[in-house]
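Common to both upcoming complexes is chain A, partnered first by chain B, then by chain C.
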Partner chain A sequence: MIFDFAICAHVQSAPSATQDVAMSVEARERRQPWVLLAPALGAVTLLLLVPLLFIVVYSFWLRSAVGPDTAGFHLDNWQRALTDPFYRYILLNTLKIAAITTFFCALLGYPAAYFITRSSGNKLILLLLLMLPFWISYIIRTMSWINILGSSGALNTALMSMGVISSPIQMLYNEATVILGLVHFLLPFMVLNIYVSLDGIDTNLEDAATSLGATRWQAFTQVTLPLSLPGLAAGGLLCFVLGAGTYITPLILGGPRDAMFANLVFEAIITQLNWPMGSALSLLLLIVLGALVALYNRYLGMSQLTKGLG
Partner chain B sequence: MGAVTLNNIVKRFGTFTAVEQTSMQIPEGSFTTLLGPSGCGKTTTLRMIAGLLDPSEGEIIINGKRVNDVPIHKRNLGLVFQNYALFPHKTVADNVGFGLRYRNVPRADIARRVQDALELVQLPQVANRYPKALSGGQQQRIALARAIVIEPDVLLLDEPLSALDANLREDMRVELKNIQSRIGVTTVFVTHDQSEALAMSDQIVVMSDGKVEQVGAPEEVYNTPASEFVARFLGASNILGGRCLSRGPDGAVLEVPVFGKVIVPSAKAPHLAGEGAAKLVIRAEKLLLRDAPPESGAFSAPATVETVDYQGQSVRYFVRAGDTQLQAINMIDERPFAVGAQVHLTLRPQDCAALPG
Partner chain C sequence: MDNTKRYERLLERFRNGDLDRRSFLGLIGAAGVAYGVQTPFARMAFAQDVTQVRFDGWGGVVSEAFRRHAFDPYTAATGINVVDGTFAGGDEYLAQVRSSREGEYNIAHLSGVFDYARYVNFGLDVELNLANIPNMELVMDALTNAFRGITPDHLSAVPYNYGTTGLAYNRKYISDEEMREKGASILIDEAYKGKIGGWSDWRTRLWYAALQTGQHPNDIQDMDAAWDAIRAHRDLALKYWGSGAELMSLLAEEEIYVTEGWSGRIAALQEQGHDIGYYDAPNSFGWQECLFVIKGSPVEACEELLNFMLAPETSIAVAEGQNYPPALDGTKVDLGEKIPTLPAYDPTGTLESLTFADPVYWNGNEAEWSETFARVQRGF
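The block that comes next holds the complex of A and B.
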């Protein structure tokens, strides 16, 4: 109060000068966040938004068998992307694989996250171990399954030397191995998200619940699980979106019939050199996944997701 | 309702012993406070009674029954935490009714008992709100309602008032004590705040370094501390190290700095065995500053006022008598003594307590 009064008195004695100073301070404070954001905004605009705009434009062009693509506004690519039953099948299959992957990530990730939250001393080491796989290339991690599951891989060799089987079993290159590879890749994202939300839950809550007569399990299902659902949902969204957008895992661990939607984009652009069609397909996937993110944001809010990433 | 007995309880965490060989009796229906500085083992003791921690040794008896192996959800105890620990995703009514759902109480009875409990804590109108929408004091009342609605054998309160601001804390202190005496539940209250302990308790257990220092009624613990720790922890005390010259039926004769020979009544020296090193405990508010030496019957010594800490109705003085600095808290009518004033310290025999050195 005294301080306020002093400022008032000062303003009255020299109004113009003080106001000028106040204005410039205010203007500087208003400018400061934009100055700090500018490099990132510039990078995002130049490297993400502008190329995306190119892709949007490309998707309305037409591919010519010879010579340059035909520029213009043609809906042919979009029509094919939306009506071709093959594309629709692959899209649904992609969403199915992403959903199954997300389910297994949640199933395996929740107990791990719970364990890390409740471990007292070595929490940091456990979190570090969780991040460790990120230091190795995703492709190498995916390829490692070939050494384990391949016909002369660790598992087949072990089974054969134990006499369980006489010739190698074909374990690789099917939908199951694609899901396995995706779970391997995405599990840390799930664990981290659940961990963040579990870590924010007061452990006294479970103690309070058990003191009121709930068993440990009831206390978990009644209190801890519902309170951690936002983290589970955030992890689920990340796993689903990353899983549905992948093309390396099905390329390395899938068979010819296990292509996912991103493989179609890869195929169209790299193999067939059909950039307009590839653009339409990639935008279709972007729209489907974007709609999912929008739904999530509508019901759970984006803040939970950023919490998990931080 | 039940009494709680701890027999030679020990709790070790690895090599660290949090509670050493502790025994105590908590009478049925009493309000017993575990008082001590942080890290003294009071919360560990409470958590062992609750069943949140298992004692390393010893036994815990509630209602005459050994409960060491009874899991927490079967002990029928009400637990209130410092941070309230209300379930944020449940309404107040669902929070309060939580324990009743595990006790086969019919749905209609749950609603009625929840409402009764909310009325007991004077918040009948908030049943459908979420904890977030309540103030700290209101949340703590709901936490209390949730703990007592299950009619627990023992109510365990872990520093329930320390998260509240000062004024609210004093109001809640009175109200908590009222509710406790109304329902008559055996209550164990953990705090580091001596004034809470003195104001609310039937029995205070003073703890330090995992050991019980003294058990007694508030007046007993305050007036006749059993150890130097208790004397220092409760209130402001002056402790003068000296010798006990003799111990007779009329009292103990101590020779101490400042006052010379002092006779402490027997009742005030229960722990003093006989001759040897001894300490004289003088409460700061019993040490009076006077202009003139007192009439006979009181001990006296000249001193100089060094610091004056004026607090309106009372003053806290630091005075120097020879090499010794003493603290005195005196009620005053008018002006306090000035710094540098020559005064006579006055002390009545019944206001001293003696401890073995």
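The block that comes next holds the complex of A and C.
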């Protein structure tokens, strides 16, 4: 009888042990990605989330006229950031400049990306040329426009030596040059994203469309363009977000009135030493741009963006 | 044990096969953690054993002169190294200091009275023992008195140089006579629309707005008129410059014909052969710079370094390099040939010909005026 029980217990425990082993393997497999992700998550938490939390806390403090800021929970900075027409005007102007920049990046970037995709043999060289500007400091690249468009810059000198103009034309230090500087900075991001998208399209599709009677233009507008829209959108998002967050370009190429929202953040924190207000303003910009990214993710997904960046 | 030696010993054991890879990496990691954990406390423990002092300034020729005439002799005499840092602007530097740990920054070449008052307000000052800085005897009293107005019972800085922010103009387009006749109002003259510049600093904008509206810069009664003058200047200006290099570039490239400018930078342009005039209108903006010792610094070591920096040979070399007169009294020290020719130089040692900003007045209004200027600048 005792022996029977023992056999019975052994028979019952065998599947349970197998189950345990299976469960522990499953648990380990579930844990493994987190273990691998832990360093990255730790870095993001320490270097991004914790500082962001500090900024959030700071945005509720108050600046004192002299001396250290007043800690506490005050909504004054947020109230001003959200209701003051000055901040609204600069924010809208920033979004407008970013939108115009994105439009020109798309307009100039699409043909360039199309050309690179369709070129045979020298793609790598063209892509390398596209990446070349990244090897030079962004500030230097922006300042180079002063030597091109300045009163004694290359363009004015050329026009005057050809007799087209008698005195230099004032081309610098206005909103147009700010947009020009931003397009110069952001164009490679747009081209790369569109290129990745175009490169993934089967060229036979265009051939099939033309063999069915479509003109080259119709084949492009009805087949290639729609298929490449995710890349265009990803490039657009990158250009818009990066453009809206810049402050160097208006500082170097803008006139007295030209400023973007990031300039206000810079001034609040660095010039006025008003860290609480600067924190509220930087969070406001983050929220606006974050909402745009969320919208993009909702309708188009982030996968195209990571493809472009990769 | 020194950490480098620890690493080398472990590496040798690992290479000899006495240590497996896992143990080697574990021990290296443990050593790193131990070092990271103990370092902040070790700093406190070694606080009295000063091995280095950090100095932050404007870089360029000034740094070179400091290195050659003050830092190297100081290190040779004391064994204390001087770490030489630079900053682009006083506001930015103050933001860095405020977010740093005490003792990280030691001596800074700051704007004399504004920054002195701001640092004191933030509790970043120390009490210097002037007996340890004998070269202070050679400094003009007029410059030191400005600091004593803020901290009557002690000093946290020594004056170092002074200058003015006057009117700089291209003589090809604007004559000396026209400049003297129009003074500060030339910056709001429609005739030069699109060829006018200005510093993006709110204090300078308001100072010149006061001059343009016939008010004393240290007692502006009609603020509306002053803001209107700033608006008028904004609408006529091509560009607000943000650095000395940008100021020089705008004038040298003839992007602008007239602006207010720093006396030393304009002297540098003149040295380069550009026909740029410089005019200090009545009540032109005078200022001084100081060497400020920041709270948490090894004060005695800093005092000794300040004495080296104030030595006539160092002060004169720095002054000749940056084109700003030194704080040394010309009636007590032979300042050589070049310095008496520099713009803003006062041979009397009293500085009565210059108008300095009243720090209590200006810093007291800083919060309101700096913010209002940000709005006015953008068309509000």
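Here is the rule we use: the second predicted complex is superposed on the first by the 277 of 310 C-alpha atoms of A that agree within 3 Å, B and C clash if a C-alpha of one lies under 4 Å from a C-alpha of the other, contacts with A are read in each partner's own complex, and residues count from 1 in each chain.
To be clear about the criterion, a residue touches a chain if its C-beta (ideal position, glycine included) is under 8 Å from a C-beta of that chain, and two chains touch if they have at least 3 such contacts.
Remember, it's a predicted structure, so these values are computed and weren't measured experimentally.
Clash-free side-by-side placement of chain B and chain C is the outcome of superposition onto chain A.
Contact with neither chain B nor chain C is seen for A:Leu182 once the two complexes are overlaid on the shared chain. Of the two partner chains, chain B is the only one touched by A:Asp202; chain C is not.
Of the two partner chains, neither chain B nor chain C is touched by A:Leu149. When the two structures are aligned on the shared chain, A:Thr271 is found in touch with chain C, with no touch to chain B. Contacts of A:Ala214 after superposition: chain B is touched, whereas chain C is not reached. Look at A:Arg63: by the touch rule set out above, it reaches chain C but stays clear of chain B. Comparing chain C and chain B on the residues of chain A they touch gives the larger count to C. The least CA distance from chain B to chain C in the superposed model is 47 Å. Across the two superposed structures, the residue set of chain A contacted by chain B and also by chain C is empty. Across the interface of their complex, chain A is touched by residues 89, 91-92, 94-95, 98, 118, 121-123, 194, 198, 200, 202, 234, 237-240, 242, 249, 253-255, 363-364, 366-367, 370-371, 374-375, 377-380 of chain C. The part of chain B that touches chain A in the complex is made up of residues 50-52, 71-79, 81, 83, 85-89, 98-99, 102-103, 146-147, 150. Interface residues of chain A, counted against chain B in their complex, comprise 202, 204-205, 207-216, 218, 222-223, 226-227.
Here chain A touches chain C in the complex through residues 63, 65-68, 86, 89-90, 146, 150-152, 170, 172-173, 251, 255-257, 259, 264, 267, 269-274, going by the rule given at the top.
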